[in-house]
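Chains here go by letter, A, B and C, matching the order in which they are written, and residues are numbered from 1 within each.
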Amino acid sequence: MQGSTADQNQADITYAATIETSEHHSEHPDLRLFGFIVFLVSESMLFLGLFVAYFAFRVVTPDWPPEGTDELELLLPGINTIILISSSFVIHRADTAIKKSGDVKAARLWFVITIAMGATFLAGQLYEYNHLGFGLTTNLFASTFYLLTGFHGLHVFVGLLLMSAVLWRSRVPGHYSETNHFGIEATEVYWHFVDVIWIILFLILYIL
Amino acid sequence: MKIPTAILTLIVGILITLASLWVSQNNGVLLPIAAAAEAAEIDRLFAAMMAIATGLFLLVQGALLYSLLAFRRKPDDETDADPVHGNVSLEIVWTAIPAMLVLWLGIYSFDVYQSIDSVGTMGSHNMAHQHGDMEMVAVENGPDAARLTADQGALSPDSLSQAVATEAVEPLQVNVDGLQYAWLFTYPDTGIISGELHLPVNRPVTLNITARDVIHAFWVPEFRLKQDAVPGQVTHLNFQPTEEGVYPVICAELCGAYHGAMKTRSIVHSGAEYQAWVDSQLVASQSRETMAQSVDSMSPLEHHVAAMGMPHHLHDLSPHQSDLAQAGNSHSES
Amino acid sequence: MTEAQAHHLDEVEVTPWREYFSFSTDHKVIGIQYLVTSFVFYLIGGLLAELVRTELATPASDFVSRETYNELFTMHATIMIFLWIIPTLTGGFGNFLVPLMIGARDMAFPKLNAIAFWIIPPTSILLLLSFFVGPASAGWTSYPPLSLMTNKAGEAIWILGVILLGTSSIMAGLNFLVTILKMRIPSMTLNDMPLFCWAMLATSALQLIATPVLSGAMVLLGFDLLVGTNFFNPAGGGDPIVYQHMFWFYSHPAVYIMILPAFGLISEILPVHARKPIFGYQAIAYSSIAISFLGLIVWAHHMFTSGTPDWLRMFFMIATMVIAVPTGIKVFSWVATVWGGKLHLCSAMLFGMAFVSMFVVGGLSGVMVASVPFDIHVHDTYFVVAHLHYVLFGGSVFGIYAGLYQWFPKMTGRMLNEFWGKVHFAMTFVGFNICFLPMHVLGLQGMNRRIAEYDPKFAALNVVCTIGSYLLAVSTVPFMVNAVWSWIAGPKANSNPWKGLTLEWTVPSPPPVENFEEDPVLVIGPYDYGTPKALDVVAATLAPPPPALVGEGSE
């Protein structure tokens, strides 16, 4: 669907370009969202590589987690998971608001709530880190745990930055509208991506 | 006289085939002598691949060279050539033939791989079954624990009967340790430790290979066999030397500054010679054990290392530590 | 130093030279920035290779210290792969040609494009500066645990460098993928695209899928090195083999990232100078995609001796051999393209045909090393060194040279000198074969790679290799002199000196900013030589008098 609409645009735009030849580059259709999704596909390969490495380490290590390593608590991460998954629905409201009616105010509100939920998630992660009985270099299990969750946490943090940037830009009236909302849409897609990564992480680290 | 194209093509085809066949018979100079049963198999595979490669090489290079000479643009000819866009049947042919060739080569390689794997009789197959070709070793136990289980596995009644069924001769077990920058060969049956690999001719050998520090690779070009020595894991090589002689043992995986100097010898003896060597080593090690109580003498390995001008960082191998397996243990635990 | 040299090559009119040192978003400027920068690194990497070959001229380790030797070949490979071949083929030719060939005014994301380029100069300087602290010396493969034990600072810089260059490569790949899929003129379907664009499409998919995994491996390796985790260190329970899998999951596709664009260049060059359509357009186009896909599932053939399980070895052996089929299709199609043509044997064509000829050697030895039992013998020997240089030098670098001769007029508006081009070709071709052909024998005979000292019985052939390498070094001189001289004072090039049919030849040389005054409409396929229409199209490209357009790019 994405592709077909873009193609349509492309045809229109290039005809327009034939008429007025200016030196600006912004004449071709808006490919940013398509590009961003391609980027996320690439980014997911990074996580895929790390996940597969995690399983490889797990397979070659006789006891996983090694004896003497604290069992991972499920309660806090469970709550965290629920918060993060819910935040995906919250951010989607922002997307709907801007697309349906160009309601920047509503979109801002939903973004603020999503930021709060994301920040809560990060705080929960930090709390968990502080109360775990093992450190980054304790053993292979601990290292993979911190690396995977930390890498994901970094992505959550970047998501928070993106949302803050959208909020900052939305001060300017008309920066986002029904038709022009790349920032909001891309941030939403990114947030869903981070969410999906977390679900996989939660499953392989805590449940399996 | 104008010779028809079909005949020319036929002649060229025959010539290329003859050249390929000649190469398949005369590529021996390219390889060192084959000193193991496995080497002969691999050389036959090499010969077959060389034959195919020669044929394709001549075909492509010949066509290019001929084009270069025959299809040059005439100086004042500014026109284009005939617009030939493709030829479906030709394209099918040159897709199908290479496809069949690689399929055949794949099957042939698989076959050779199977057979070189089983030449080592009980070694490879039992171990492959029970432990896999690669074993990840629990660090607490160290690599030698896995070797122990491997040896026990080999001696279990089930696998023994299998072995008897295939071949009566039990393979000689040698534990190989790679370390910067030397090889250590331990013979678990006799407790002999050597810096050189001594093997009896025509007896299957199983090498259980590991490394102390970084990844090394055990390679004897004359055996055509290579296996990485990975710290924390035990890998295996099974083969049967068939030619007496002295061959280089080379480290084939970059292991540090003196990688190029990490060499020793593999000596394939006749049965009697080998026994004599074993006896002499046993005597030597006994006398050394008594000496070692007081004198800080050098183990054969250290002599060897010193002779090769390599740094003396092998202090963890104290000479009286005749069981180097322990050294391996403590090393991997630390 | 790099800036100074780039400066030297760049100080020529047309686009004002300052533009080439600026954060320009013009794809043509970026393309030339890539080409010049990476050529400088080709010279640096080549210098390192000459030092390596000088050490190997004698069996003993007597020219540089053993530690230095390891640093030299490590940095040689790193520079040649990450700073020469990949940036030249994707960044250089890709940037310059893809938008022109598909009738676009620029890449999809010009700023991202400029960022991707400008990551390279600081990163490369950082890598070079690591020579002051002792650069990485564990080979470009950087296998742990060795890489965790030698030259820590250099290794850390190396890891950072690879992550940054990987990021640059991902950005470039993203840009190409979107540009090729979305920015073509409406009249150009995928099957009307020049084959270079097909090759770049396949390449960019590989960059996007494979490179992140390398970044992941580098992050883990970096943690092992700097923080003291034990992902890959067996002393702490880690597994070095996992690193090898992650590394080769990128680095085998990297071979295709380095060769697919060269395939594309050759598919452009051969038909123009043979005055004949490319033979089997679709077969060549789709085989690029097939190679790209297969390239992702063959990585473990670099690890046949690592103790991989049998079934894995067999799977990767078969998958690797299967790649020979699409590759063979390409080679045969090129030969058939040349066959029966009216060959214009200019320097570009000579390099193009030599590419096919040399790549075949690398391809055949590639099938041989794919066979597990044989690979067990030659793995990590000079046979592999010979094989990879036949692919990456005889393939990629010959392809790059062919491309440079082909598009130099388009890029600079000046013609290169043909006589010195042929001298350059002859020296490169002869030097290359003298240098690398004997290495096959050395490897088979038992000379392992990455060694500073070797058995004296290999001395004679090594001397031959070293002489060949010196000839190769000298061969760059006529090229550089020719390029610099022609760029300044070469005869002016018209818009279509080779009478090509692809879109880049319809615009003036050098093309103006934004390329096309109005969107071109496709009237002929990219390779429809020999048709009456082709004559008209070529005549049309030559019709507008070039003088009116001189200096067009300098606004």
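By our rule, a residue touches a chain if its C-beta (ideal position, glycine included) is under 8 Å from a C-beta of that chain, and two chains touch if they have at least 3 such contacts.
Since this is a predicted model, take the numbers as computed values, not measurements.
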Most contacted chain pair (by C-beta pair count): B-C
Chain of greatest Cα-centre distance to chain A: B
Distance between chain centroids, defined by C-alpha means - chain A, chain B (Å): 48
Mean-CA-position distance for chain C and chain A (Å): 34
Centre distance in Å when chain B and chain C are each reduced to the mean of their C-alpha atoms: 32
Interface hub residues of chain A, defined as touching at least two other chains: 60-61
Junction residues of chain C, two or more chains touched: 236-237, 239
Overlap residues in chain B, where contacts from two or more other chains coincide: 136
Residue numbers on chain C that touch chain A, as the complex places them: 25, 104-106, 108-110, 112, 170, 173-175, 177-178, 181-183, 185-186, 208-213, 215-217, 219-220, 223, 227-231, 236-239, 242, 245-246, 249, 513-514, 517-519
Parts of chain C lying in touch with chain B, wherever the complex brings them together: 61, 65-67, 69-70, 137-139, 143, 145-146, 149-150, 234-237, 239-241, 274-277, 279-281, 283, 305-310, 313-314, 317-318, 321-322, 324-325, 328-329, 331-333, 335-336, 338-345, 353, 356-357, 360-361, 364-365, 367-368, 371-374, 376-377, 379-381, 440-441, 444-446, 448, 450-455, 528-531, 534-535
List of chain A residues in touch with chain C within their complex: 3, 6-7, 10-11, 14, 17-18, 21, 23, 25, 27-29, 31-32, 34-35, 38-39, 41-43, 45-50, 53, 56-57, 60-61, 66, 136-137, 139-140, 143-144, 147, 151
Residues of chain B that touch chain C when the two form their complex: 30-32, 41-42, 45-46, 49, 53, 56-57, 60-61, 63-64, 67-68, 71-74, 77, 79-87, 90-91, 94-95, 98-99, 102, 105-106, 109-110, 112-113, 116-117, 128, 132-134, 136, 139, 213-215, 217, 219, 221-222, 224-228, 230-233, 235, 248, 250-261, 332, 334
